[in-house]
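Per-chain numbering from 1; labels A, B and C assigned in written order.
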Amino acid sequence: MIALTIDVTLRQQSFELQVRDTSSVEVLGLFGPSGSGKTSLLEVMAGIRTPDAGEVVVDGRVLFSSSAGINLPARDRHIGYVPQDSLLFPHLDVSGNIDYGVRHGRAEGAHRSTLIDILDLPDLLKRRVQKLSGGERQRVAIARALMTQPAVLLLDEPLAGVDRARRDRIVPYLLRIRRELHVPLIYVTHDESELNAVADRVLQLETGRVVKAGPPER
Amino acid sequence: MTKLDAIVTLMRRLPIGVALAVVVSAAVAAQSPGLVVSVAASIHDALVEIAGLYRAASGVTVAVNTGSSNTLARQIVEGAPVGLFLSADELQMDVVEKAGRLVPGTRTRLLANELVVVVPADAPASLTLAAVLDGRVARLAMGETASVPAGVYGRRWLEHEGAWARLQPKVIPFPTVRAVLSAVEAGRVDAGIVYRTDARESRARVVGTVPAKDHAYLNIVQPAAVIAGPAEAEARRFLQFLQGPAARAVFMRRGFGAP
Amino acid sequence: MSTETWAIARFTVLMALVATALTLPPAIAAGWLLARRSFPGKALVETIVSLPLVLPPVATGLLLLWLFGRRSPVGQALDAIGIEVVFTWKAVVIAMMVVSFPLVARSVRSGIEQVDRRYEDLAATLGAGPFRILRTMTLPLASRGIVAGAILGFSRALGEFGATIMVAGAIPGRTQTLAVGIYTYVETGREEAAWGLVLLSALLAFGAIYASNRLVEARHA
């Protein structure tokens, strides 16, 4: 469970993103058509983009607050981010990508083994990232983000780069992360049906506004 | 290993490369400074020969720096570590003297020269000195008539002969006498004005000399002087050698006169 | 080809290597600043960085001659600690550095501009600070631009003439480079020796351009 306070105003070229929501969740689902501001909201949470006003609080930790003048840099936020296109580092192999976030590497060996096991990566470690399929890229990107033991994991359309047949094989990985690692997720998609299996609260976005909030319609 | 990997590896080793470069530079730096003589291009060959004689006689190595006289003068004025300056003319030596860089009393009228008019080897026999002065050429090559010594002298001579007005529009200026000579040799111009010493070993044909004794106003003297600095004493000894019989013989053989 | 010709070629290549190695760190810093940071006076810095590209090299040489000469504070300060620049190999290296710096910095800059900033942002979410991002993301991902810039700068350094002859002179065995040697040989009527140097220069230029073209091909592959 994680307590989230999201109160974000971000002026974009085409519209103004304005999201207000407070919740305690394990998996928060964000859904809406493309261009509704889902990715922008994730980038604001990760610290890649600075909102014009508002505040972002994760489990009592203030990441951003315009009234208090707080804007924690991305590297101090402990928020894992998996962008839609995975964005694996092209000059590093799979191991290099997974280990990028580890700087002291000592006590984290067990955590690393667990992740490699859960995400089924042992055969991929020495591979070049250019040789991976869409689903494999997603799993590596997820492992890379989780290695830093983030307070929350942001997933942007994790099934978008994966063909229909393999989608059903990614979802179990996500469920295992939630069940075994107890990492809260914020899960972004344009397909509401994906959320039914994983989310316990869903925000529906349209042109920057929340048009519906509540539990998923199962 | 792919190319990208190779490049990344190279980048990681960059600091080692820099360190290596510095070590190598330090090794190069171990050369001793010694005596540097800045010498006008027209005197360069003679001086290299004499420097060889000097090393045999005294064991001292002379480094020869060459270029156009005005570049050499500019370098000395800005403090280049030169011991001795051999200029193509008095004008550039004056520049150095005015800047206070000469050791007083060492300025010497070392060499004398004469102007000659040259034409391409395959030019018709009708192209004589008189024909050139008459303006029967389309293009006349000279050193730049304001700054290059041979050009300045050449213009003074043409003015004296009353030929400047008709030849001026035909003048093609060059940055050095050597470039004038090359242009004549290649037939790119119809005639050129150079020093006698330059024309001696050239394929170009000399059609006329401007004898120094008949044109005292030209006073083509190539002076030498010791430059103030740590190499002063060595420079004085070499200047003395340049005025001695061995060096004099080399200069004479190469066509230089004594002023 | 005479031993003298080879010695000049060896010296020139060595000096160009030293100049390239010393130019890279500041050129990378300048390229990164121009590609990734905005600051007051950026346009001015951009212009100054490119200046040696358009300034006649002889003018650059004259400026360097003045800067390191006995009349400028810099020259006097160096003189006071016993460092002589004018007419030494150091002047050769400095002249090469100044004229090749803009080429290297520009190439580095465009290399860095082509790096997707989202890699840098993502590295930050993984806890990397600005210096680690520069070292592990920006520079490796811009490596082709950096290496191409180094080759370009090296080639420019090999051919450097105008600035070198002003500030380093043309002293055989001490400051004489290929380009200066060709000029001196022609000036003093040693045409055959000049052609030897021309041939060597052409071969070196060919090698450097060939290498950089291969690199560009690799980028498109």
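Here is the rule we use: a residue touches a chain if its C-beta (ideal position, glycine included) is under 8 Å from a C-beta of that chain, and two chains touch if they have at least 3 such contacts.
Because the structure is predicted, anything quoted here is derived from the model rather than measured.
Participant: Indicate, using Cα centroids, the chain positioned nearest the centre of all protein chains shown.
Facilitator: So the chain nearest the centre of the shown protein is C.
Participant: Based on CA centres, what chain would you say lies at the far end from chain C?
Facilitator: Chain A.
Participant: Which of the chain pairs holds the record for C-beta pairs in contact?
Facilitator: Going pair by pair, the biggest contact count turns up for B-C.
Participant: Hey, how far is the Cα centre of chain A from the one of chain B, in Å?
Facilitator: Roughly 75 Å separates the two chain centres.
Participant: Using mean C-alpha positions as chain centres, tell me how far chain B is from chain C in Å, no decimals.
Facilitator: A distance of 30 Å separates the two centres.
Participant: How many angstrom between the C-alpha centroids of chain C and chain A?
Facilitator: Each chain's C-alpha centroid was found; their separation is 45 Å.
Participant: Touching at least two other chains at once: which residues of chain C meet that condition?
Facilitator: Expected reply: 140, 143.
Participant: Residues of chain A that touch two or more other chains: which are they?
Facilitator: Within chain A, residues 91 contact more than one other chain.
Participant: Which positions in chain B are in touch with at least two other chains?
Facilitator: Answer for chain B, listing residues that touch two or more other chains: 4, 8.
Participant: With touch defined as at the start, can you tell me which chain C residues reach chain B in the complex?
Facilitator: Answer in residue numbers: 14, 17-18, 21-22, 24-25, 62, 65-66, 69-71, 75, 84, 86-90, 93, 139-140, 143-144, 146-147, 165-166, 169-175, 184, 186-189, 215, 218.
Participant: Can you list the residues on chain A that touch chain C in the complex?
Facilitator: Residue list for chain A touching chain C: 43, 46-48, 73-77, 79-81, 83, 87, 89-91, 100-101, 103, 144-145, 147-148.
Participant: Under the touch definition given earlier, write down the residues of chain B that touch chain C in their complex.
Facilitator: The contact residues of chain B facing chain C are 3-4, 7-8, 10-11, 14, 17-18, 20-22, 24-25, 28-29, 31, 33, 36, 38, 41, 44-45, 63-67, 71, 74-75, 78-82, 176, 178, 181-182, 198, 201-202.
Participant: Contact residues on chain C for chain A in the complex?
Facilitator: So the residues of chain C touching chain A come out as 116, 118-119, 121-129, 136-137, 140-141, 143.
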